[in-house]
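Labels for the chains are A, B and C, by order of writing; each one numbers its residues from 1.
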Amino acid sequence: MDWSLKIDEALPRPLRTILRGVGQVFFCCNAVTGFIFLVALYIGGLTAGAAATVGVISSTVAAYLLGFSEDDIDAGLYGFNGTLVGPCLFLFLEHSPQLWLYVVLASILSSIVLAAFMRILAPYKIPASTSPFVLTSWMFLVAVYAFDSFSRGPVLPPPGLPSAVTGAGPVPADMWFTALTKGVAEVMFADSVIVGILFLTGIAIVSLRGALMAACGAIVGVVIPILLGANQNLIEMGLYAFNPVLTMMAVGWVFLKPSGRSAALALLAGILTVVCQAGLANFLAPIGLPTLTFPFVLTMWMFLFAASMSKYWSDPSVK
Amino acid sequence: MDWSLKIDEALPRPLRTILRGVGQVFFCCNAVTGFIFLVALYIGGLTAGAAATVGVISSTVAAYLLGFSEDDIDAGLYGFNGTLVGPCLFLFLEHSPQLWLYVVLASILSSIVLAAFMRILAPYKIPASTSPFVLTSWMFLVAVYAFDSFSRGPVLPPPGLPSAVTGAGPVPADMWFTALTKGVAEVMFADSVIVGILFLTGIAIVSLRGALMAACGAIVGVVIPILLGANQNLIEMGLYAFNPVLTMMAVGWVFLKPSGRSAALALLAGILTVVCQAGLANFLAPIGLPTLTFPFVLTMWMFLFAASMSKYWSDPSVK
Amino acid sequence: MDWSLKIDEALPRPLRTILRGVGQVFFCCNAVTGFIFLVALYIGGLTAGAAATVGVISSTVAAYLLGFSEDDIDAGLYGFNGTLVGPCLFLFLEHSPQLWLYVVLASILSSIVLAAFMRILAPYKIPASTSPFVLTSWMFLVAVYAFDSFSRGPVLPPPGLPSAVTGAGPVPADMWFTALTKGVAEVMFADSVIVGILFLTGIAIVSLRGALMAACGAIVGVVIPILLGANQNLIEMGLYAFNPVLTMMAVGWVFLKPSGRSAALALLAGILTVVCQAGLANFLAPIGLPTLTFPFVLTMWMFLFAASMSKYWSDPSVK
């Protein structure tokens, strides 16, 4: 919206860049939206908020020092992977003082990997999206296990999974609201209804279509797993929803010309993201790694590459 | 042959496109060949034939609705991955009504993945071949296991493996014919001599060199595993042969200028495909996935990329 | 140095090409350096030396017969992967007469994979480096296990790991020299101080900056694992050092314009290589494969791709 763009432009450049970096987690190049996201993260948990702050600053400063494109840095593109790396490491690793050092190192690496993927994907005009966050986090998670001779089970528990897992059954009506909002919140690892509502609000400031796609993605991430008979607790936590949320936003709003056809394609992409997540989770189980947002990245890549071969979207506008 | 081309061209376009899609499993853009393959599939098993039919129609229609290149669709290029996805899911998953839905979904996805890989590989003029079938099938296999909390061993049994596995020993003369023909038949998951003969016949209609390469590939897929001391039952089932069959056809007939030198390169590629298959099978064992035709895809890619760097094949004609 | 270049140019072409191939393991296109490396390899062990000799000859001759670029062959670029494949297979597989056949086959394949990766990476002007050696060796290692029904533990022991593993503790002063020199020697699988000194000498003949980067890489590969609490025996064997040695040479000397900034980037790359190695080792453990030099390859690729996006190194001179 106009007022938010005016605030965005009025901010001092370093602050604006950092806040835009947080906003870009949901494809929003807008400091107001980024500020709402950051507040939501702190509400979700002080440590998660601080880790995201350290991450976004580290990755953005690293990009500046390494001499990457100033336009990209200004748009916050070197911030969102760091924003995700911070809370991710704090969720999956034992808290300790040196963990802050790992967050800084991993955020720096995420900027290097982002530049590398931008270069690799440049001829195809396809975005790297959160792939640097995923690859960097995986690397640090397995590396820390290696060094610490960590004893662990065959698979990391998904974020916040309650110990008692109940069997599948009908989902009560009042669970729906919880599942849908948490599905949006889990994009940044927050198991909270209020965080999800704030995220949706921040997106809606930039684009109603974006917020609509996010909500549809959350619905897909609840309905499809129910139809397929997935674990009900995981569904209620929104753990099947955060990937289709991102996929539907990317395909239905950000990277393809908006149209009814694009919306239909986004819906198909959202459904297949759920299948991809279930497959990838099983694939990664022996190594003990979480899927993070890789199901979204893989599905989005396939659909955007394919769209560039179609007469309907042959010239996708690429962020 | 001329008469088969005439029939091919005389058919109504939708039927021709579908049958060519089946024919493209063995690189044959010819509806007569596709018809023979389809008849063979039904002879091999009614369910496999029906699954292939549903698959080829789903993937072709999806390509049309998604607006992909009509020339490619007409040539059957959006059909062969669906043709393979169908019987594959029916071989490795428990039969149930919703399995038909999975076949349709997976076939649609295979067309999207094919378009994506065509775009990725376009600057190199390298074919995507059956990689979409392999990746889509892997994804659906692990996903279905995930949702169904399927209890399964560390590795899926190869298609049709008899329970009693005999030790290695000299192969009787009459086993050779079985092993060679089944090696061709197993490309479409058929454990049958007659199916293999029909497949070879269909290929020979289009090109004698193609049929010769297929036969040589089958021989490589029997002789090399014997020399390396592989399990004799797997050899007799043709399970080491279907990958080199495809590799030798691709390298020795379809994608490189035909010559004695190309035939020699195809032989080397066939031998290394067997090594690649053994390696990949071991690599995938902990996850419980079959190699499918990925050894063929990987080896073919390496050899075609490498050939484009060689003065002998620097301008490969690409399908 | 001038005298070594004169000797290099005075040698008969086939001998020069083979020796340069050995030299290229450390990015040195110089037959004198290659000769010193080869002598060192034979000092490290007669079998390792012979395997490297068979490997470098096989891969170079294969490249010639396959018609790849004569300039590249002359520069020894088709030799270093074969040089590494030979000793690798002899280290990790049971010695037998047919192992020599595998070395020849794997060396030929390494040349094909190199040409393929050169083609894939050509638009980006990024080197394939030792990726063909790693992929080919992995393939043959898992394939041989598959065929031989080898019984093996969940992970291969790292090269030369002593059976008694002592706990972590302060590293005595006299251990440092051992760890640093062995770190350079382990690039070619040699667990020997004298081999490491000869390798450094050979590099210094071509470039003092190169030797300095190698030494710094070895220091990084000892200091960082100590700080992270890694197994002391592995550190003393130089098994965390050979990857950062190569990374720092590549980033700080060979592929980027030499400067203080490049040296700082190389240091960061070296540190992240250690993290990458720990992560990859854990990742590969269930399959029982060693990391080989893949941590170096991955980190170097990321840093070189990223450097091409930076205003400081936007036109890297590529070997």
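The working rule: contacts are C-beta pairs under 8 Å (C-beta built on N, C-alpha and C of every residue); 3 or more make two chains touch, one makes a residue touch a chain.
This is a predicted model, so every value here is computed, not measured.
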Same vs different contact residues, chain A with chain C, by half of numbers used: different
Size of the rotation, in steps of 5 degrees, that lays the CA trace of chain B over chain C: 120
Distance between the centres, which are taken as Cα means, of chain C and chain A, whole angstrom: 37
Multi-partner residues of chain C (each touching 2 or more other chains): 123, 286
Footprint of chain B on chain A - complex, ascending: 123-124, 225, 228-230, 265, 268, 271-272, 275-276, 278-283, 286, 301-303, 305-306, 308-313
Chain B partner contacts - residues on chain C that touch it in the complex: 66-69, 105, 108-109, 112-113, 115-120, 123, 138-143, 145-148, 286-287
